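In the two complexes that follow, subunit A is the common piece, with subunit B as its partner first and subunit C second.
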Partner chain A sequence: MPALKRALLLIVLCFYTAFAAGPFVWAAMMSLRTTTEIHRNHFAPPIPAHWDKFAEAWFNSNYSLYFANSTQIVVSAVVMLTIIGSMAAHCLARYRFRLNRIIYFVLFSTIIFPPQITIISLFQILVQYGLYNSKIGLTLVYVAIQLPLTIYILESFFARIPSDLFDAARIDGYSDWEIFWRVSLPIALPAVSTTVILNFILLWNEFLYAVVLITEEANRTLPLGIQRFIGDTQEDVGMIATGLMIAIIPVVVVYAFFSERLIQGMTAGAVK
Partner chain B sequence: MTTVQHAAEGAAHSTASIAPGGNGLHAASGGRRDAGHTRPWGTITAFLLPALIIYVAFTAYPAFRTIWNSFHKVLPRREEAVGLANYTELVGDEIFWRSVRNTITWACTSPLIEVSIALLLALALYARVPGARFFRVAWFTPVLMSYVVVGILWLWIYNFDWGPLNVALRALGLGGWTKAWLGDPHTALPSLIFVTSWMWVGFNMVVLLAALHSLPKEVIEAAELDNCGWGAKLVFVIFPLIRATLLNLIVLSFIGKMKIFDLVWITTKGNPLWATETVSTYVYKRAFEWTTFDLGYPSTIAAVWFVIVLSAVLILTWVFRLREKLEY
Partner chain C sequence: MAVVSLDRLTKVYDRTLAPAADAVSLEVRHGEFMVLLGPSGCGKTTTLRMIAGLESISAGKLSIDGRIVNEVPAKDRDIAMVFQSYALYPHMSVKDNLAFGLRRRSVSRPEIERRVTAVAGTLGLSGLLDRKPHALSGGQRQRVALGRAIVRDPKVFLFDEPLSNLDAALRVSTRGEIAKLHRRLGATMIYVTHDQVEAMTLGNRICIMNGGRVVQVGAPLAVYRRPANTFVAGFLGNPPMNLLPATGTGANGGLAVKLGETILELPAARCPPIPEGSAVILGIRPENVSDRPDNGGLATTLEAEIVQVEPLGAETIVAARVAGLERDLMARIGADAEWSVGNRCTLALDLSAVHVFDASSGAALALHA
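Moving on, here comes the complex of A and B:
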């Protein structure tokens, strides 16, 4: 009887797996088929596989440009976030001063802000400073929107490092900066890498700020590129699927290597 | 700057109660934030300044400016104070209220659907099913994709002619149930709510599973010794222990849905007949799509919505806290 129950449960779980992962597999199959093939049968396996569609999307539909823009913006934002965020988190976790908890609370509370409260004036501000429609402008905004979460995750980790360690480092003659750079940061590497991966994926997928702050083709990120592409070629399901896969692949690669770390990162805020 | 300098600064600025010692070392080192020396303002500023500059320039200042805008008419080259005119206009704006209703419906139904399905799945994996690791990784994938990708995928799934949903219905002989799911005002919003649930169940499941695995083994074993059935164990032992996690997930999901924009923008743009209009899409339309060119009115919507979201979150956490106090 328990064996039967268990088998039944497994079947249900397999159904749910098909439901959760099915759409992704379906899109992956379509990305290797031409639109005419797809319209003949929407659910056939990709035989023969048209790998050249990826080359076509990459070179002829500007995906190389979108990919490069996304990479440039996201990588620089993540680098800045990691440095600025861990400096602030280290400071909030280690130094005791009067404004400490107030600053922490103010930064942290922005996590619940709806983006509308900043987005319209960000548009105005970036226009004013000539950063509208530029990669630098979007990068800085990305740093700003991910900063609270980054500091939140890192602060809770830094705060758990025993302070005896810092005292020892100080006796060894380390300066404040060296303590941060050579003691705190190496110890917190797991947490730091979690925020790096988390920020990478969230920003790689970001759409709202990009759609408001970028209009020029030359600066479009991948989500914007895909949106433009579906606008242009509503019916070309095959090519759209190829474009989707180009956007997904980096995320899948990161997930394949760091799934545990990523799950940790995404759940870090929720468990507390 | 050297440590010694900072220490000296710290000593100079601090009051008499601070432990003596030129090197700034504290006698007691137990406290969480009780580090080497107290208040070396130079170092603190240096560490915090970059973050604070970014925060002030790209979060705090824009937020205040939005509120300022909400009392003005903001045209491309002209600004003009209009007092509360935007706010009175908002009260009579039926599309706004429609979008508020849609968003709140979304934010209230989604968390319950997501968390309850996630709890069932987490309990299934907690019961040591073979392949639990694989299931966990597979179920988590939808949340990794951007709403843009998800939106396009589900546009296809809901496609009237060849979408898998309608194809499946026809195959089951339920051809009469087929419809353009996103084109019908009655089904458009529920269909989109369903998409977000599909996306976030895995995430909630993973968090709950982690909470389940961190439960004290002794408590559950004690319940088993007392001949506690599965249902009773769930209700009286497991449920109270993971309550905090459940409530956190509900609040988190609620906040996420109050912000929802991307999915709607990619799939329906608020159509048909405002059936899927959310506050976010409406603000975007009023600010950047409609040819009114006025940024003041959308700022008013944003300001009002900001207050609504903030108070909703505060009330939610307050209610949850209150219940916690009553129980213990």
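Moving on, here comes the complex of A and C:
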């Protein structure tokens, strides 16, 4: 009976893996084939493999620039989100003050609004402050849209840190600022890692705000770069796939680096 | 060592509710082990946290060695505290936990190393210095928490129910370690607990609190033998003192009272004359209720029916129903008594150990040496 159960489980897992990984493998295969080859047979293996397409995309199709822009914008936004978000979450979880829960609710309630609602006003604000079509402008928008979710995730974690630890640190002579950096933040590292990885993946793949707020070639991010290969009448499917693979690599690296902590953060408190 | 003085210390969290600590006055002497004892919600932890500087003081004065410290931050009071939850920093090793407070106080590295090594040696933590708290047993964590307090060499040690999370056997041994520690350091210690055994065994004096107020302060045995009111009488002792409603008859110079259907003649040394018809509460500890009516010194006997028998090995606790009494009478009798539920028996009350309380206020009518 256990063997049968195990076999059934393996079959289900195989189906799920094929379902989840199939599109990725297909895109990976297409990234090594030319558009002509793809049109001839959509699912054929990449023989011969055109590795030179990566070099072509990187050097001739401006992917190096898009990659650098994405890295600059997303890393800056994630750093700001992590610092501001964890400070705000620590404050909301730790201190009793008037309007604490109201501020928390207002922050969290912004999550329910679809991004299309805010995009026109954000556009106006950025134009007014001279931040339209700039990397700084997009970075600030990314911080603004992801901050509520970041605070929500971190606040619930910070709230579970026993207050005795803060009291012990106060008696040990540490100020509130030092307690945040030396006690709260290190303890909350699993949750912080969760927000880092979530924010990185969401912002790295973000398209809507980027396409509205960035028009100059010099400031384009990777998702906008990939879009350039989609024309009105025809698409360079091979180059799109190559661009996708270039875009995916950092996400895979970040996930591999933080995945253990991500799981810790998501399951924290589940087991005593 | 230090003297800690609490002068009408009050803590109000919500003006619509009763104060959590209400005009608590107490002086803890140099090197004294003072235990704050009381049931949950009596204000003992709030009082301790005010002494620690973790709660603001709503009214009253707190001084340490004559210096008023109401507005002095916790870090500048030169106190150390051991928490119920241990409060060890989970991301730091045992060594870092011990050294954390010293680093903030700009103690030199060699001195930190020396102190941490010495304390670890004293508490048997030398082999655990590189471990994280999650890799320690409950007893080891408690020792680290103690070590973190000792290593700072503070004026005053505060303990907030430090043994509550330990199992029974470990609690007994750790209790012994804390007592030894106090003898060795001779430091002023204030210890909060709801466990009367801890209070009786550890404290030089105990301060019993109820409803945010101090009810009685004194040496453990003095408080046990001469409770100031029915609350203390009922709180200290296991099983607690029998508190039996009685009425003065006015006979025998006011010393005769009616308990159920029995008239008792109280010794003159135990209470002032009780006017006829006055309601009083007679308190008698279970160890002063005997199953041997012929025992010397016992003044009166009561017929009762056994309703509960708890053999504990060294002794047996018996609950007996006496006609005319609302509550069962608890007795602590010898282990050799072979009584069972439903049996009739004769119980003897040692009236030389009886306590008499006013029925309305609950206060002892007389305290005797």
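Convention: the second predicted complex is superposed on the first by the 232 of 272 C-alpha atoms of A that agree within 3 Å, B and C clash if a C-alpha of one lies under 4 Å from a C-alpha of the other, contacts with A are read in each partner's own complex, and residues count from 1 in each chain.
Heads up, the rule we're going with is that contacts are C-beta pairs under 8 Å (C-beta built on N, C-alpha and C of every residue); 3 or more make two chains touch, one makes a residue touch a chain.
Just so you know, these numbers come straight off a predicted model, no measurement behind them.
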| item | value |
| --- | --- |
| Touched partner set for A:164, first subunit B, second subunit C, both or neither | both |
| Touched partner set for A:173, first subunit B, second subunit C, both or neither | both |
| Which of subunit B and subunit C A:183 touches, first, second, both or neither | second |
| More subunit A residues in contact - subunit B or subunit C | B |
| Which superposed partner A:2 touches (first subunit B, second subunit C, both, neither) | neither |
| Which superposed partner A:48 touches (first subunit B, second subunit C, both, neither) | neither |
| Which of subunit B and subunit C A:226 touches, first, second, both or neither | first |
| Partner chain(s) touched by A:107 [first = subunit B, second = subunit C, both, neither] | first |
| Subunit A residues contacted in one complex by subunit B, in the other by subunit C | 164, 167, 170-171, 173-174 |
| Of subunit B, residues touching subunit A in the complex | 1-3, 6, 23-26, 29, 31-36, 38-41, 43-44, 47-48, 50-52, 54-55, 57-59, 61-63, 65-66, 69, 74, 121, 124-125, 127, 129-131, 135-149, 152-154, 156-157, 162, 164, 167, 198, 201-203, 206-207, 210-211, 245, 248-249, 252, 255, 258-259, 261-262, 265-266, 279-280, 283-284, 287-288, 295, 298-299, 301-303, 305-306, 309-310, 313 |
| Subunit A - residues contacting subunit B, complex | 6, 9-10, 12-13, 16-17, 19-21, 23-24, 26-27, 39, 42-43, 83-85, 87-88, 90-97, 100, 103, 106-107, 110, 112-125, 140-141, 143-145, 147, 151, 159, 163-164, 166-167, 170-171, 173-176, 180, 201, 204-208, 211-212, 223, 226-227, 230, 237, 240, 244, 247-248, 251-252, 255, 259, 262-263, 266-267, 269-272 |
| Residues of subunit A that touch subunit C when the two form their complex | 162, 164-165, 167-174, 178, 183, 186-187, 189 |
| Of all residues in subunit C, those that touch subunit A in their complex | 49, 52-54, 73-75, 79-81, 83-85, 87, 89-91, 100-101, 104-105, 148, 152 |
